[in-house]
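Have a look at these structures, which come just after this line.
The same chain A turns up in both complexes below, where it pairs with chain B and then with chain C.
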Partner chain A sequence: DSHIQYERVGADVTMKCGSMDWDAAVTWTANGTDIDDSHLNGSYLILKNVDLTQSGQYSCYEGSSWHLKYQTYLRVGTPPKEPVLMCRSNNYPKGFYCSWHLPSPTYIPNSFNISVIHGTREMVCEKDIFPKNRCHIRYLQLFSTVKYKVTLTVTNALGKNSTSLTFDEFAIVKPDPPESVVAKPVPNNPRRLEVAWQNPSSWPDPESFPLKFFLRYRPLILDQWQHVELSDGTSHTITDAYAGKEYIIQVAAKDNDIGTWSDWSVAVHATPWTEEPKHLTTEAQITETTSTSTSSFVPPPTTKICDKGAVVGSGAVAVCWTAGLVLAAYGVLFI
Partner chain B sequence: GDSWGIFAFLCAALCNLPAVPALNGTEELGAGQSIQKTYDLTRYLEHQLRTLAGTYLNYLGPPFNEPDFNPPRLARAEQVPSATVDLDLWRGLTDNARLAANYRAYSRLLCYLRGLDGQAGTAELRHRLGHFCSSLQGLVVSIAGVMSSLGYPLPAGPAGPPLPPGAPAAPNDFLKKMDDFWLLKELQTWLWRSAKDFNRLKKKVPPAVVTLRLEARGF
Partner chain C sequence: MAAADTPSATTLRRRDLCSRGIRLARKMRSDVADLLDIYVERQGLDASVSVAAVEGVPAAAAEHWSEQTGTQRLLDNLAAYRAFRALLAQMLEEQREQLGDADAALGRALAAVLLQVSAFAYHLEELLELESRRPPGDDGDGPPAPPRLSLFEQKLRGLGVLRELAQWAVRSVRDLRQLARPGPGPSSAPGVAEGQ
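Up next is the complex of A and B:
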């Protein structure tokens, strides 16, 4: 006969060869490989202090006839440790979900049982197909003063363990992060970035249960984040970005009144608009053509601010130095 | 000592809120802004209550101040208006019903809360309770104002339905404290609920609607 046998790591295992007598001559194999006689006590197989590598198929054959007398599948594992349970409402006011996992593997099959009690009533937490180890519950009542108690029990062939969570309806509200975050530069505005996003699709009723948002941004080269909290709308214009620097931007969401902030959204990158450098090359070409065609100094036209061409590099630089200073001063102010 | 039942009866008989004055000034603001103000007030009160409830529960002592304390609801606690409501029912409430539910609840809660005043431990705690009661009264008046500006009648009679005069008194100190615990819990839940109630009202009653209504009335 053949069956499965579960044993704890570190245990001493004694396998009997079916109904054979203790003093019968037998040969044991592990996964097809003969086992040394030193592990035998008569016809019993003794495995001391078993470890995970000793899991496998063990077979016992009668000495001379090589008839298969007994076969078992040994699975070495551990009883379950206390499971980790978490419950969250990312779709308030529809309901909540709970998900769980074991802090360390048992190496043998486990089964999970979850119970949800609300006051005197037991509620059914419907198991999700995917992901596994998750179930969801629908609220029947809203604004309840009675706490929910969720108990998870995990059982396997070597033991069981359980954990409980008790919470108020409001305490577990945590939306998913905002979706479709987009950041774009604003034409002709070197210090602005336009950020837009959408409510998480799992939040069922943003009309009656509006979300507020938290935006954080920083240039890639700095560690310090800047924050903005927004109680309305799904867009915001950053107006104090450093010119020409690439930014990283994230958004988080929270119900206006209850619960906790979502995780940060996927990060988006954007660089504010900068002026095209094309101007400088065309001006240089013009300067070259004028200087080659004139042999003597030509006074610049009577304008207070110099043409860009003149500033770039010609004999008329001296006249333009004040304008240059003013432009330099402006440049410093805006950096 | 004070008995819950007698007190509840007194509340029903004597709780008189000041009549809402003619709203000549506030009508100009429009219901939209009154709703916003009422919403803001519920948020303010919810915030105040958090610290106040913590202090009061500490005064009551264990197990009332333990975060895991989750007692079964006794029948006597049914007298305190509960915010709990069926989800679809809550969604389907008319504006009038929604406002009326809030008005009635806070009127009664205010009464019960005033009852805590007299026996609370330190003078400081009593002072803070008194201050909270004033703010809560402000909320009731604010709700009444919104109802008026939308043309809804205020729920009639003394605060809430008349309570049975023979309602059981708290037979001992522990049960009295239990009553206090549930009162604070319901009050907190109501403030969370009101934020959502007023959110819904905000969306459904923009200021423009009220202006038209005032014009129709010849103001």
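Up next is the complex of A and C:
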């Protein structure tokens, strides 16, 4: 005779050994381990103030024969707290979905029931296979002023709880973030970055229900974002980037007329185009004078960028003016 | 080949009218939203109060919206805005009777929206004429006069009118965008869309 028994955390639990008399000699085990007689009242097993660790299989054996007389699986848990419910349309105008979760686990199985009412009409919310805590509804009407009311009830063996949401058709529209965001430098333009993206694939009809976009960008070294709102198109050229600085860029989307902004897209990084550093002249002395310049850059011994007549200094410290200026400039950059 | 790709004069005119109509509808929606705020405050109503469907107020809600032809969209819109024109005129009259000049702000806001509704209705007539459809006659009488309502009922009715008008403004943007899309023409049935 085996079954499942659900009890609340903190409860006192009394288990009877099936049909055995109170004064029968029995042995109780928990997950195969003998239970001390101090927990027995006659043949009854008494568990006071149970906690989660006491979940398990409890078995009762007749004293001398060790015949199994009773078995139960004790599941210690809690009744459900008020569930958290959210509804959103990321595929307007097709429909919307609702998803839910419990704020804290109950440690025992729960079942969920959701009802959706639109005016006087009850609508079916089809449960998704994955994730399990989600269902979706197709719109039967568009542009309705009548609100939707969604009620979620969660039930387990120890109790039930519920929550409701009431909303307008427009209020829950929130697209998924834009996809495939790419950012690249523009050749020969040290202050530009070209950014392109695509509509979220979940948005079913961007031609009839176009999205607008919000782009934000900043150099990694700063905390302040720049923002640009774009009413059409899926690309934008940033024209005020700091030369040579790596940028972080994100895009968000919103229906042109209703609803709220999506979450930000995955961030992309890009650095504006910079001119390749020219190689410096190679007087033999230049390579020996790196210890006296502010730069650690050592020019290769091939490219000449100054005349001998422009050399300043002498001996191991001789550099030409131009090389010196270039060295100084790179030195500032590399600090 | 180039000629085949060039939109016709009618198509270009339609797109232009639709584009301007979309801008009108958006502006109207914005002003109706502001008017709703003023109305709720001046009439002492709770903004979240539910109002049952009001007789004579054209409902924006549409089933099978994506399957409508362009002509049907225009006709539905025109009928709606003509009705709103009469309803808003009625509200303006009631507001003047109740409050006189005591609430000029509400009166001005109502009048401004009424003007936009009239302009939009005219715009829709232009679009219909472009489709070689004579707009249905406008007898100007609007919906039949409702039974005499209490003051509170009048206020709730007004709220219902404005809410439905706000919804229509959004729908009109969508309708005009559909109309402006390249396709076989406004009289032809569009492809049946999945879901709506």
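Keep this in mind: the second predicted complex is superposed on the first by the 277 of 335 C-alpha atoms of A that agree within 3 Å, B and C clash if a C-alpha of one lies under 4 Å from a C-alpha of the other, contacts with A are read in each partner's own complex, and residues count from 1 in each chain.
Rule of thumb we're sticking to: contacts are C-beta pairs under 8 Å (C-beta built on N, C-alpha and C of every residue); 3 or more make two chains touch, one makes a residue touch a chain.
None of these values were measured; they are calculated from a predicted model.
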{"item": "Combined model on chain A where chain B meets chain C, clash or fit", "value": "clash"}
{"item": "Partner chain in contact with A:N31 - chain B first, chain C second, else both or neither", "value": "neither"}
{"item": "First, second, both or neither for A:T239, with chain B first and chain C second", "value": "neither"}
{"item": "Chain B versus chain C as contact partner of A:P204, first or second or both or neither", "value": "second"}
{"item": "Contacts of A:V146 with chain B and chain C, given as first, second, both or neither", "value": "both"}
{"item": "Chain B versus chain C as contact partner of A:Q57, first or second or both or neither", "value": "neither"}
{"item": "First (chain B), second (chain C), both or neither touched by A:P93", "value": "both"}
{"item": "Touched partner set for A:T260, first chain B, second chain C, both or neither", "value": "neither"}
{"item": "Chain A residues contacted in one complex by chain B, in the other by chain C", "value": "93, 139-147, 170, 207-210, 256-258"}
{"item": "Contacting residues of chain C [partner chain A, same complex]", "value": "26, 29, 50, 59-63, 65-66, 163-164, 167-168, 170-171, 173-174, 177-178, 181, 193-196"}
{"item": "Footprint of chain A on chain B - complex, ascending", "value": "43, 46, 68, 70, 72-73, 82-87, 90-91, 182, 185-186, 189-190, 192-193, 195-196, 199-200, 203"}
{"item": "Touching residues (chain side chain A, partner chain C) in the complex", "value": "93-95, 138-147, 170, 204-205, 207-210, 256-258"}
{"item": "Interfacial residue positions of chain A with respect to chain B in the complex", "value": "93, 119-120, 139-147, 149, 166, 170, 207-210, 256-258"}
